[in-house]
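Notes to accompany the following structure.
The chains carry the letters A, B, C, D, E and F, assigned in the order they are written, with residues numbered from 1 in each.
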Amino acid sequence: MELLSVRMQIPDGANLILGQAHFIKTAEDLYEAVVNTVPGAKFAVAFNEASGPCLVRIESNDEELRRAAAANAQALGAGHSFVLLIRDAYPVNLLGRVRDCFEVCSIFCATANPVEVILAQTEQGHAILGVVDGSSPKGVETAADAKQRHEFVRKIGYKLQP
Amino acid sequence: MELLSVRMQIPDGANLILGQAHFIKTAEDLYEAVVNTVPGAKFAVAFNEASGPCLVRIESNDEELRRAAAANAQALGAGHSFVLLIRDAYPVNLLGRVRDCFEVCSIFCATANPVEVILAQTEQGHAILGVVDGSSPKGVETAADAKQRHEFVRKIGYKLQP
Amino acid sequence: MELLSVRMQIPDGANLILGQAHFIKTAEDLYEAVVNTVPGAKFAVAFNEASGPCLVRIESNDEELRRAAAANAQALGAGHSFVLLIRDAYPVNLLGRVRDCFEVCSIFCATANPVEVILAQTEQGHAILGVVDGSSPKGVETAADAKQRHEFVRKIGYKLQP
Amino acid sequence: MELLSVRMQIPDGANLILGQAHFIKTAEDLYEAVVNTVPGAKFAVAFNEASGPCLVRIESNDEELRRAAAANAQALGAGHSFVLLIRDAYPVNLLGRVRDCFEVCSIFCATANPVEVILAQTEQGHAILGVVDGSSPKGVETAADAKQRHEFVRKIGYKLQP
Amino acid sequence: MELLSVRMQIPDGANLILGQAHFIKTAEDLYEAVVNTVPGAKFAVAFNEASGPCLVRIESNDEELRRAAAANAQALGAGHSFVLLIRDAYPVNLLGRVRDCFEVCSIFCATANPVEVILAQTEQGHAILGVVDGSSPKGVETAADAKQRHEFVRKIGYKLQP
Amino acid sequence: MELLSVRMQIPDGANLILGQAHFIKTAEDLYEAVVNTVPGAKFAVAFNEASGPCLVRIESNDEELRRAAAANAQALGAGHSFVLLIRDAYPVNLLGRVRDCFEVCSIFCATANPVEVILAQTEQGHAILGVVDGSSPKGVETAADAKQRHEFVRKIGYKLQP
């Protein structure tokens, strides 16, 4: 067994949701999950079929994201994993719907940060072991940092500013 | 620390759902989740108790699946992990209910493919790191492949064929 | 790439929920998830911001748990991971609410057992690969063990004793 | 405004789930919800389109249930209400999936009992006000009745009999 | 058909959750939902069986709440309705779990206010039509009222006070 | 007791979601539910406080919708009911999130159609009994109608057109 690190390709302004599912219908059901949640979102979902023809199964409404999602899925090479790239929508909008998709097992990460995926390679294939999502923390927030955090979340409107 | 690969035993026609939970009640709650969702499903759930007596805790309504689930759980040896084997039911029927179970943390995979589980072994015990689920993709689907996929999903009745 | 094992610090009587999320609002949303579910619970949530200032972001209502959560998050050093420590509440009370939090991707474990987290370290940062949660199983339960298990779960009131 | 009572037609051995939704896609999404949950279930869903052509929109895999669902939907005449009739499956299998359907607002009842639906009729149309589901209680259970209830639920396998 | 108004009996300090479900297992499943969510909550659930023996089916861990829940269920007399009375817990803690219960169709109200339930009475039985929950609004809040509201919700700790 | 019919005011291009909840925090939590789901949505939520000051509690990011939501809530006069008006978003995007809101009991309707709400008025206050949502069905769809329905849902992109 060998360990590998594969870097995900995340187009400018896009977010990545990386997960594990279990059936080729995943591509179509995640398409519906996005389209039914955020009107106007651009996205592509690529799912690694893991038996039979073993093709990367894709649904998308954006050519650039489609190419990137397919490339990421192939780079991972892990059966039943999926890559969802989104623009004009954010993971916070979609994670619940992705998780509730009939075929989805788990979500490894959701991020716009640089992502390295740690894989194990065996004779049979690849396993996703984990994800380096952005950078490690440099310290613990102070009361002033926490205040700034609260203000930022309120300034972008995600929480109310009473 | 050492890395191991353990192959899951999946009886003919069965599917495997592999996950992490946190309390011996998991065995009983997953039993209820299956029984309340798919009438007539055959299944076995084995949960690795991780403190005290440290026994593999099992509920099932099928002897063959029970033996296989117990063997898989022991082969994994990872505390608080669970193995659910099902027949006459499919992961797509059950994943939502399994995930909503009060004790379930996450689901590593759901599959009828050959499965290798990658484990880390420390002095304390075993950690599930990831899963090789079936084979790696051999290429990206073409428009013709996508058409076949859509037709197949509709032929088996999971989506409507207008 | 190097593999590391990091031991979590779980104060007496506390439980740990360890997961992956994706935005600094996670700290505040998990605070609300706990406060809105178990009246009187003591807890701390620490989230590893993975871009910009890269600070450990914390919300809590208990000083000891706050220090331990921050120390655990720093020891992990994995971007977008979170540590939730709770007292006077149990994972079974909270897992559903934690999972439904808008930002949460997945939950690695929920436990009061000794926990070792297996990490991969790359130049970019840390990835959580898996968790040794308590001890490995020592055997398979007998019918008598199962009876005791059923009785125990009923004695603590989690299932009815008809 | 006038109050009406309309009796639902429930074919032998079928169960009725009656609810409110909000878009013609409801028929197709409920079809998928059933098919993805209980393999082999027979069912029909009828949804009252409430604008434009105002047709009863139907998906089903059983002719008798289709006719009954259509007749019930027409008898109700309430915009955006839906009638789901199922055989070889039970409401307990399906309610969660029906509720999670993107278009579903609420579920009035789920039952195999005789059902009278109370409607208000205005110039504009019909409103479902409530449901007489079976009979009124004749008394409060005794300890012996409760014991029988627990035993029955366990005898049919929905709870474990330790 | 006749319309009735029935006043619910809510013991001091208790909250009422009133809903519709569809099987006698409801009583036991709601018992588990409460016990698994809020440690130490006092409660009683009464469910109106609507066929066969037609008994009020009850689970509880508090005698006063048991008597009140049974009295309310009998006063309603509506098949498949349930009454959940809770102390040392609040609807906000429990509504999600109650809604996710396998048997639950809908929740009419959750409140500590005086409650009148509007019923239709037919030859067959009773239908719950709706609920007068507390008092009607006396006006629209001003900016100052909104500020007080925000402060109150933060003072009781349900939202953070940055 | 008297029955009333009240017509909802739905501004051009807006959709209405009408429901029952149980605490003044509803206004703020529904605000967050919308903002975290559909970027750029315009909306207003009005909640009828049912005890103490008994004010219509409102959060919004659009003045016209705010006025309409407040007017609707006052016209209803039913304690603990809420009115959510949305533009640039659709009920299908939001219903799941609204339902999962900690305080929400049920959703009466979600629609852009003309809506009449049927109320009971007692000395204590108002109860929402049901909703006339658009028009009654004029007939049952033919195979050709069903084909058009399938095509329409696919043309607007909510389902895939294989």
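We adopt the following convention: a residue touches a chain if its C-beta (ideal position, glycine included) is under 8 Å from a C-beta of that chain, and two chains touch if they have at least 3 such contacts.
Note that the structure is predicted; figures quoted are calculated from it, not measured.
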Intersection of contact partners for subunit A and subunit E: B, C, D, F
For subunit F, the least number of touch steps when starting out from subunit B: 1
Interface copy of B-C among A-E, E-F or B-F, judged by whether over half of the contact pairs recur: E-F
Superposition of subunit C upon subunit E: rotation angle, C-alpha, nearest 5 degrees: 180
Subunit B-subunit D separation of Cα centroids, rounded to whole Å: 32
Between subunit E and subunit D, distance of the C-alpha-averaged centres to the nearest whole Å: 22
Centre-to-centre distance between subunit E and subunit B (centres being mean Cα positions), rounded to whole Å: 37
Per-residue multi-chain contacts in subunit E, two or more chains: 3, 28, 36, 92, 96, 99-100, 102, 106, 129-130, 146, 150, 158-160
Subunit C residues touching subunit F - in the complex, by the definition given at the top: 36, 100, 102
Subunit A partner contacts - residues on subunit C that touch it in the complex: 1, 3, 20-25, 27-28, 48-51, 53-58, 70, 73-74, 77-80, 99-100, 102-106, 119-120, 122, 124-130
Touch list for subunit E against partner subunit A, complex: 146-147, 150-151, 154, 160, 162
Complex contact set, residues of subunit A against subunit F: 28, 31-32, 35-39, 59, 61, 88-90, 92-93, 96-97, 100, 157-160
Contact footprint of subunit F on subunit E as seen in their complex: 3, 5, 17, 91-92, 95-96, 99, 106-114, 116, 118, 129-141, 145-146, 149-150, 152-153, 158-159
